[in-house]
Amino acid sequence: MTDGSTPPRFIPDRLRTRKTRILHSWEILLLAVAIAIFVINSLASPYFLNAWNLSDATFNFTEKAMIAFAMALLIISGEIDLSVAAIIALASTAMGFAAQYGAGTPELVAIGLVVGLLCGVFNAIFVTILGLPSIVVTIGTMSLFRGISYIVLGDEAFRGYPASFAWFGQGYLFWVFTVELALFAVIAVIYGVLLHKTNFGRAIYAIGNNPTAALFSGIRVQRVKFILFLLTGLMSGVAAICLTSRLGSTRPSIAQGMELEVVTMVVLGGVSILGGSGSIPGVVIAAFVMGLVTFGLGLLNVPGIVMSIFIGLLLIGVIALPRLWTMAAAKRGRT
Amino acid sequence: MLSRLIPVRETILGAAILALLLLIASRFSGFVAPANLLNVFNDTAPLIILALGQMVVILTRCIDLSVAANLALTGMAVAMLNVAMPGLPIPVIIAVAIGLGAVMGAINGLLVWKLMIPPIVVTLGTMAVFRGIIFLISDGKWVNAHEMSDAFTGFPRAVILGLPVLSWVALLTVAIFGIMMSRTALGRSIFAVGGNPDAAVYTGIDVGRVKFLAFVLSGALAGLTGYLWVARYAVAYVDIAGGFELEVVAACVIGGISIAGGIGSVGGAVLGALFLGVIKNALPVINISPFWQLAISGSAILIAVAFNARSGKTKGRIILKSAEASE
Amino acid sequence: MTEPLTPVVSMDAITKIFPGVKALDAVHLKLYAGQVTALVGENGAGKSTTVKVLTGIYRPDEGTVRIDGTPVTFTDPNAASDNGITAIHQETVLFDELSVAENIFIGHAPRTRFGLIDRHAMYEAAARLLRSIGANFDPRTRLRHLGIANKHLVAIARALSVDARVVIMDEPTAALSHKEIEELYELIENLKSQGKAILFISHKFDEIFRIADRYTVFRDGAFIDEGLIDDIDRDGLVKLMVGRAVDHIFPTREMTATEDVLQVVGYAHPTEFADIGFTLKRGEILGFYGLVGAGRSEFMQSLFGITKPSKGVCKIKGKIRVIRSPADAISNGIVYVPEDRGKQGAVIGLPIFQNITLPSLGRTSRSGFLRMVEEFALAREYAERLDLRAASLDQDVGQLSGGNQQKVVIAKWLATQPQVIILDEPTKGIDIGSKAAVHEFMAELAAQGLSVIMVSSEIPEVIGMSDRVIIMRDGRIVAEVAGDEMQPDVLVRHAAGIGEMSQLEDA
Amino acid sequence: QDDVRIALVVKALGIGFFEAAAKGAEEAAEELGNVEIIYTGPTDTTAEGQIEVINALIAQNVDAIAISANDTDALVPALKKAMNRGITVISWDSGVAAEGRQLHLNPSSNALIGNMIIKLAADHLPDGGDVAVLSATTTSTNQNIWIEEMTKVMGEYPGINVVTTVYGDDLADKSYREATGLMQSYPDLDAIIAPTSVGIVAAAQAVVDAGKVGEVNVTGLGLPSEMAGAIESGASQSFAIWNPIDLGYSATMLAYQLAANDVVAEPGADIPMGRMGTLTLDENTEGAMADPFVYDASNIEEFKSIF
């Protein structure tokens, strides 16, 4: 339709510069919240600003965050996995079982990862091949996976992991930097790159925004979702290794209720629960926010249940306040 | 139009429950004794009541994860009220429980309606908040049987015509919801909103308001169950009914209520709850280690959802005349 | 017919603005008791928006709606029906899980003394209504068991279930068969004699001249003209609608190439289509015509790998190819511009450039990693070729007007450099200017050697653009016409499956 | 001189038993003078919850942690870390593995408790009979050891037949359901032994609801305040418990000795614990506080208002 006589209309690539885009982002809002909490914490407790204490505090979120990164991708693609904590239980049980038969640390790690992966595949089959809603499937597998742990373990516990296995959950790389924190950082970078810098990541966003159009655009939607469930299972396996190593024992009730904390972290990180938007830096900051809140309140000996009020209010508040703000602004503009 | 006269899904689920009962009876005949079946029903009553509330919410394409926390908070509140004012008559207690539950449901509903926050996020948040509030108002302390008045703990277990009041409440709720869903404008709007929200707007239904009402209903039932629960087990503490919300959702799913909204029935929800109730009550009786319970109910959910999806798959419209004829 | 003094309903200078689109620009419309007013205009002229303003679904930004001369404001759809306005909407706005009777009466069902829905009365009333419009199915049936035509009848019954003074029909005949259309005409005559004011929206001119008393023309959201049907002829109405003579719309082109690009043999699907076979030549535009629901879209989607055919062979440049997914189709050079732009075409929520590069990411990336610079370059190239109107390339496609969204979708496919492009209703819902542009562009593509399959329900478009036309009915190919045989009456006759010339000719 | 800060970490907040222990701890603190008690714990009985609490306590650099553990093993790494940072760690009530604490204070000896719970049942069944055990959470240490000890001495109670052990998970509703299930599966059941304060109350309620008062005797370990009703109704003839006030008192005393008076906890050591006498540590550095105490209709009125 260009007839050559008139030059084509020019369309700029971007309207806003990179700087203004970043300044207006959710991540900045969240970062401000994180900094505020940090400041409040250091004012509220004399024990807060201490390298060792801060290092200990990271355990409050590292394992959850590892899963949260994979979960973020899954939620952006429009699915959810509520069975992650149960996968931890099952993977940990499998590791404990192997440890009874003298498996060494490398074998245990392999077993943890493989069991996580297999659980992910199991979920993926129900969701992508049978086409069932993931929230329902994973509520089912959540009972199933943990149930298998209960069948295997009953009221027993597996202990007696090899000494070298403790490195993952209790080791330090140098000074106060724990192995888990390093793993957290590495995984954050991997998932950040995967989501934001690759074709695969683009496909995730496309699927989350409009799965039908993504399919019509030649994206192998089911395959992408399959991989995402698999990754979430794998990350649950990694978390299982860390948690088991940190606890030094396995009981079927391990990581009970963690799935909701993981989902909370993802949503707090600005990932839309309806799919289609969100970022890894957001989840990273959300992990710190949750870790700081729980640790700061812990220093004041506030019971965990009261902390959850803060988390709950934070979850609703960070979504509700901007909306209330725009609604109020619109109202003022009209009158 | 045979398919219209016999609700297929409910029939199959009912048959599954019967088969389950027969299986249990083959190992332990006492389980199917009428008295015991009534016991099982009574034990499942709270789940049935909550499943009906959850059904309404799920039908409108929402989900309420805060029911168990709502139940626990209301239960604690009325228990403390009873301790403070032992003379308060039970109808007042029940009214307070329903009212308090409805208020919590309304908070969920308002956040969903007015601020358009996704229901799963809202109820995930309020679930944590409600539980926390229980701790704050009770200081973490238990309210024990001997502190409650006899009337308070006696109400759900009082027997009328051979059935405890708890069972009667469940039956009454089923009846009311049966009528509401099929015979009132609200009931039909709930189906309409979940089935086709865009079209609902065209027909003059306020979609947000219907969702709000669904949450209020679910909350009110959670409140009612809160009182019944606390009175029946004669104890109130922070963690009662922990994780029960997932069991309630599971009952709905097993009962064929589509998580995508718009499809489901009162009968389905009740049967779904009964299915779980039978399994839960049967395991200790037939000497299956209780450690198996979790895995069994998980498998039941998976099988039910896979099955519902298969049978519910709407046959696409058929263009080919020959294919239509052979159908 | 004597001219009544005041219209029952009138719209004065109504304006309705959507983000980026002025759907209605100070339009006027008057409806008179006992008369049928036809509202005509091209796709996107604002007809359905008018309906939604009149039924309280949209609130106008400016202007007044009057009933019997008194200004009214409708806050919600109930307010409009309380004022006696009822409508059959263009989209079927019904509920699959409810029964037919409930669909008809939702919101205003008869009640018993206790305030419950009186099901007996409701079924009775529904049965009566259905009988009156010649529908013979049980009102207790679940709606999802009905076919599209019957669903439309339910929608009509729903509109008639309120005691209305004004009945609006937005393309009521689009999905109906010949017999049902005849019954609808009778119904309209009946309503007229009851003194109801009727607004009738249709693209079919024979209908308009058969049943309308008056006409109102909109073009691109603006009011153009109104008058009595008796005072105007077909050509005059078209000229008002389009703003120029129709013949000039389609580009003239010549087809020379003979090389076979795509060969389809014996494609079949258990329930949707059977025995589909044809050959597509290089640089050819092949039209697919049929009534709505003829199965054209289904077949095209199976050719594109969305649904799996049960049998059949697809040969590309003589080699047999198995297409199991859209990704396979794209790598074989077949692309599909879907009919449902919002659901299947554009990924609303992603920026324009990401939409355009979505199927071509393999070319703009290196070993799986994105390269933004190349993405922008590719997106810019095609956006400019299609003369896209947008503020920037990183704007969300959802903010674009329908026509521009369609351009993004087409750009997305052209960027993959395909050999065969399937366009399903390519001009549906896009404005008149873009429509001509799309036609011109199609011709240009064909001239460059691209093979085009065009699915369209618009007869002028099919005839104007195609080198050959294949006509489908009930999932099968019933005819193939080319050259001088491509006449409106021939197409309609084959599509509707009627032997003799019908009154339905023309469009 | 700064206060000695002793953290009393319990399985879960809000449980009457631990509230009473906290009272005892405060009593000890008052007696000692320069002690600050931090009463804390998770809100649900999980090891992870306790680990987070322990981390917070380490961060506050408390002087001593006295913990009733939700898991024998899972807490060990966290408590080891605490000891590495110079914090005194003891366990009481429900123990941690030896490498995770300096000493463990048993409320009573396991053998005595194991014997006590079966004796309580047997005392009311002179002709023998069927009894069932309703245990607590499937993951808690105590109940399993006691049941084990009970099994060892079964020979001394001829005619008493333990038909099964079920788990109520320390949840009121689950325990109730399990107890009801027991009465259905074993219509001739004579007694239910519930060595857990949640389970015993639920079982008593279930017996009352089933109309089996007088047929099925509920016994085990429970709190007088919670069991008063059951004694009154006759659902329970008698039950036992150690005195949690004494337990909290002793734990605080012991922690203080280790943290402030440089007493070393080693096998064979005798450590004073105020009014409760001294604790003698065995080869596992464990010691027993006192015998369990039996409550029945004769003394329940006196105790039910205390804890």
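Think of it as A, B, C and D in the order they're written, each chain with its own count starting at 1.
Criterion: a contact is a pair of C-beta atoms (placed from the backbone, for glycine too) under 8 Å apart; a residue touches a chain by one contact, two chains touch by 3 or more.
A quick map from chain label to UniProt name: A = Autoinducer 2 import system permease protein LsrD; B = ABC transporter permease; C = Ribose import ATP-binding protein RbsA 1.
Nothing here was measured: the structure is a model prediction, and the numbers come from that model.
For the pairs B-C and B-D, the count of C-beta pairs in contact is higher at B-C. The greatest centre-to-centre distance from chain A, using averaged C-alpha positions, is reached by C. Chain B (ABC transporter permease) and chain C have Cα centroids separated by 43 Å.
One finds 36 Å separating the Cα centroids of chain B (ABC transporter permease) and chain D.
Taking each chain's centre as the average of its CA atoms, chain C and chain D sit 74 Å apart.
Chain geometry summary: the mean Cα position of chain A and that of chain B (ABC transporter permease) are 30 Å apart.
Those residues of chain A in touch with two or more other chains are numbered 150, 154-155, 252, 303, 305. Each of the following residues of chain B (ABC transporter permease) touches two or more other chains: 135, 140, 238, 291.
Within chain C, contacts with two or more other chains are made by no residue at all. Pairwise, the chains that touch each other are A-B, A-C, A-D, B-C, B-D.
Contact residues on chain C toward chain B (ABC transporter permease) in their complex (touch as defined above): 55-57, 76-78, 81, 89, 91-98, 102, 106-107, 109, 115-117, 119, 138, 140-142, 144-145, 147-148, 269-274, 293-295, 298, 474-476. Taken together, the chain B (ABC transporter permease) residues at the contact with chain C in this complex read 1, 3-4, 179, 182-185, 188-189, 191-192, 195-196, 198-206, 262-263, 314-324.
Partner chain A is touched in their complex by these residues of chain B (ABC transporter permease): 63, 111, 115-118, 120-122, 124-129, 131-136, 140, 238, 243, 246, 249-250, 253, 259-260, 289, 291-299, 301-302, 305-306, 309.
Against chain A, the residues of chain D that register as touching in their complex are 13, 38, 40-43, 46-49, 51-53, 55-56, 58-61, 71-74, 76-77, 81, 85, 135, 137-139, 144, 167. On chain C, the positions that touch chain A within their shared complex are 304, 306, 325-327, 329-330, 336, 338, 343-350, 353-354, 358-359, 361-362, 365, 368-370, 376, 380, 383-395, 412, 437, 440-441, 444.
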